[in-house]
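First the structure, which I've put down as structure tokens, then a few questions once you've had a look.
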Amino acid sequence: MMLESYALSSIGSALKPLPADWPGGFWWHWLVFTIIAILFVLLMVLFFTYFERRAMGRLQARLGPNRCGPFGVIQPIMDAIKALTKEDIVPYNADKVVHWLAPAVAFVPVLLVFVVVPFSNGAMLADLNVGILFVVAISSLSALGIVMAGWGSNNKYSLISAMRAVAAVVSYEIPVVLSIASVVLLAGSMSLNDIVLAQNIPFILMQPLAFLIFFIGASAEINRSPFDLLEADSEIVAGFHTEYSGMKFALFYLVEYAEALLLSVLITTLFLSGWRGPLLPPWLWFLIKVVAVFFVLVWVRTTLPRARIDQLMALAWKFLFPLSVINLVITAIEVLAWPGGVPWPMLFVNIGIMAVLIVSWSRLFKFGWGRVKVEA
Amino acid sequence: MAIKTEPFLLNIGPQHPSTHGVFRMRATMDGEVIVDMEPVFGYLHRGIEKLAEERTYNGFVSLTDRLDYLSSMSNNFAYCMAVEKLAGIKVTERCEYIRVIMAELQRIASHLIAVGAFLNDCGAFMTPIVYMIREREKILDLFEMVSGQRLTYNYMRVGGLSQDIPEEFLPALDKFLEQMPRWIDEYDQLLRQNEVLLARSRGVGILPKETAINISASGPVLRASGVKWDIRKVDPYSVYDRFEFDIPTGACGDCYDRYRVRVEEMRQSLRILGQARKQLPGGEFQTPVVQPVHLPVGEVYGHIESTRGELGFYIVSDNSIAPYRCHIRAPSFLNLTALRDMVVGWKIADAILIFGSIDIVMGEIDR
Amino acid sequence: MTVSLSGLEIGKQLKERFPGAVVEANDQAVLVKSESLLDVARYLKDTTGLDFDYLAFLTAVDYYDYFELVYRLASLKHNHTMTLKTRCYGRENPVVPSVVKLWKGADFQERETFDLFGIKFEGHPNMKRIVLWDGFKGHPLRKDYLSDGN
Amino acid sequence: MKPEHYGIGIAKGLRVTIKHLFRHPVTVQYPEQKLHVSRRIRGNELVWDNVKCTGCATCSKACPIGAIQIATKIDKEKNKYDVDITVDTGYCIQCGLCVEACPYEAIYMGYSYEKAKYRRNEIIQSNDMLLPSETRIRSGYMSPGIAAQLPEQTLLLEKITEKEE
């Protein structure tokens, strides 16, 4: 934490927006930010595992980990050591190559996405002008790793989980992308840095519906509760990582939290005006917002039961998809109607539209379906 | 179905996070859908019915704790009542009231676990069960105070109780009765209207009224199907005829109804507890005849409304010091008969939910 | 209050309806022949006024010479109960008709009785051991059972 | 039909969980913090009173498990009547029936609960090992006199008293 914040503060301020006279130019920038991105992901994941367990403990009237070190802060490191020293078990009859490759395949894409995330104004590894496309394209690749794990484990629970993963990722990609599209429409750019710069009013107020859809859709995609069907512990034991142990399991764990981090970072960037904020330095604002979003994720996970797979699909196609299309059309009209300036009316109109749409669409909510007729 | 698929066999259990013990469902699956299911159990079979034939009548009380280990007090109650019926012992008023208080506290404790585990099966990550275990802990404290144990109480004896309640018990009970309704309200707030829970449990695993009766279901499972059948009301034993309480019933017998029936039963139990607390008389807690040694020849069936349904002890005596035969009518065992019909056609996630909503305890099923 | 119907009354009714089926009828129970058990049970279940739609439990008692099967029936409609008994003889291969078709609740209980007493229920769709494993020797609740399986 | 199920239930649930964030956790940090158990606790390890015991073996008969063995013999050299008691605490189910059965109040349940053993043969205890000592405190089960001297039980009911609305 401290190390990375120090690095960010010194380098982030020095690197605004990318000094041409930096010795070595591009390559130094590349090296520094690669290290920052990797450190950011690893350290934040360590912090998140601790933070989630602690927050969840308190939300459940427990204490959470508090034994290792002061307030239990060393707990994630201890967990990592434990995972590293554990025996690595490969199930009999497993597809060994796939089984081995899966954790890495799952992990790399998540790490890649952080290439385009701005930690401060312009402080990012690559300011791609199609940044958001890059994010969308790369992040869903990690589903491949999950499918590989499910297939390679030679376990029926894992296989069910892998199939669920494919279904969930494919269907939730659409509402997520559509809701991002409306943000892009407002910002007028696909670069994440430009999107942040465009947010004089955070887009969560301008695009509440898009935010909601993105939040639900993305948490379904990264299998956070209430859509954690991939590792639904009460149904399919541990899903795709049932048969994983030791470091390979730790990698999956890392993926899970890195994805949660990615979700928090994206919501911060797209909807909560990223690193922007008064008084405090940008990188601190960024971190505060990321942790706040993650806390909401933890909070939701603590409270909600899990949806069923067909309900998950139905939510994507019957609820989120139409709403996101409507939202996109409305946003497009609004952008045409109020070109430039501070569109305050848009804010209230959008909030009103969200309320009306959600209430009217929820009338379609029905119970008791989902039984399949089975011929005896 | 248009696509030709091949069914496969999935062993859910005996070691699975949500089979509530060592229970196994041999499920034939078509993708996520269960097309056939066979419950397999017996992993916890200890032959308690046989052990009863080798224990004295009082000695067996401590083994009844091990039947339905989440409601030991009810088991003690049922067994002692059956033996007393056979021996013709009339226990004192105070003893009856204390027994009722214990049985109702036990009902709340057990339903807390049942509801919490059900919601946990539903995927609410640990939260409801942690909250509910906290409340159960308070009841266990009370039980520990009177009996000295937290799980296997072994508190009741044929002809009375092992000891009278200590003097600090009643103030603690008052405090509990004052606190508990608020907590139940809070749990209702937590998940009663939750859309995800409603979507998951409404209309899922419907057990129709006729089927419920035909498979000899009892307890909350039967009542959730809309049958107003509670042994406490229809065949009042002990002093239950002196209390005012309602029998909550469900509308259609789905998982949600079973969950609601349990929560409402907790409220009714609190009502009974309040009345029993007020009416609790003084006097002896035990009949002078403490140890019935030779019971008269005959047979008896004593049943009570245990937390999971009709718990009965069928005892045949041949005038020796131990029962000649002791059959235990275990409610979860019979409720489990319904499982296959309820599960087939639903998805694996629903199967877990339906299974959780029946609320079984393996100690009672395998015996 | 649940009324426990006297075996004498029902025994009388049954004697008229099924001559020769009732072996003994006392205050507590009606003992019928195992051949006519199914007919009697069907009659008890379907006759208006009796309506024994609920099988409270089913079990067996080993009396060395014979096994006595105990059926406790209840009617949720009229709130009354009765006990029906039947006997089966022989220790090698005792057989009684199954009542699963009438009360599905008998399913597991008959399997359990088979498992622990070795009484076969004719007509049960899935007559196999339920709490003990398939290779288990002997039937433990029999009075002459010894733990070495003989 | 009322337009419902638009998330009001979820919001209510979220409210309940966030409320708990500001409440005091109920966890007890066990080895450091210890609660007083019930005065009547049926802890492990029986305590035996060699003065009161007559060797009548009522406890042994009352035990549903058969964990207590009592043998009496006359020691002719010392002209003494000896009681030889052996308890297999591994079999003991802590039901307390022996304490109840004893006509002379010569056997007690133990008050302590941290009595794990490293070796199996330590579980089987006999004679002098069963006598009361500093580490083998007698519980007040079935003996109100001892119960009155033991500390009062900590109740969770009194510990958690937040939520006054």
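The chains carry the letters A, B, C and D, assigned in the order they are written, with residues numbered from 1 in each.
Everything below uses one rule, namely that a residue touches a chain if its C-beta (ideal position, glycine included) is under 8 Å from a C-beta of that chain, and two chains touch if they have at least 3 such contacts.
As the structure is a computational prediction, the values presented were derived from the model and not from experiment.
Think of each touching pair as a link: the shortest run of links from chain A to chain C has 2 of them. The chains in contact with chain B and with chain C alike: there are none. The greater number of contacting C-beta pairs, out of the two interfaces A-D and B-D, is seen for B-D. Compare each chain's C-alpha centroid with the centroid of every protein C-alpha atom shown, and the nearest one belongs to B.
The mean-CA centres of chain A and chain D are about 50 angstrom from one another, to the nearest whole unit. Chain A and chain B have Cα centroids separated by 43 Å.
Between chain B and chain D, the centres computed from C-alpha atoms are 25 Å apart. In chain D, the residues that reach two or more other chains under the touch definition are 5, 7, 10, 13, 16-17, 20, 26. Each of the following residues of chain A touches two or more other chains: 59-62, 302-304, 365. The set of chain C residues that touch two or more partner chains is empty. Each chain pair that touches appears in this list: A-B, A-D, B-C, B-D. Contact residues on chain B toward chain A in their complex (touch as defined above): 8, 10, 16-18, 30-33, 35-36, 119-127, 130-131, 134, 190-191, 194-200, 202-204, 206, 254, 344-350, 352. Residues 5, 7-10, 12-13, 15-17, 20, 26, 37-42, 62-64, 93-97, 100, 109, 139, 141-142, 147, 152-153, 155-158, 160, 163, 165 of chain D are the ones touching chain B in the complex. Across the complex, chain A is touched by residues 1, 3-7, 10, 13-14, 16-18, 20-21, 23, 25-27, 29 of chain D.
The residues of chain A lying in touch with chain B in their complex are 56, 59-62, 156-157, 160, 163, 225-226, 228-229, 232-237, 301-311, 365, 367-374. For chain B in complex with chain D, the residues that touch the partner chain are 55-56, 58-63, 65, 127, 131, 134, 137-138, 141, 144-149, 152, 154, 162-163, 166, 168, 172, 175-176, 179, 182, 186, 189-198.
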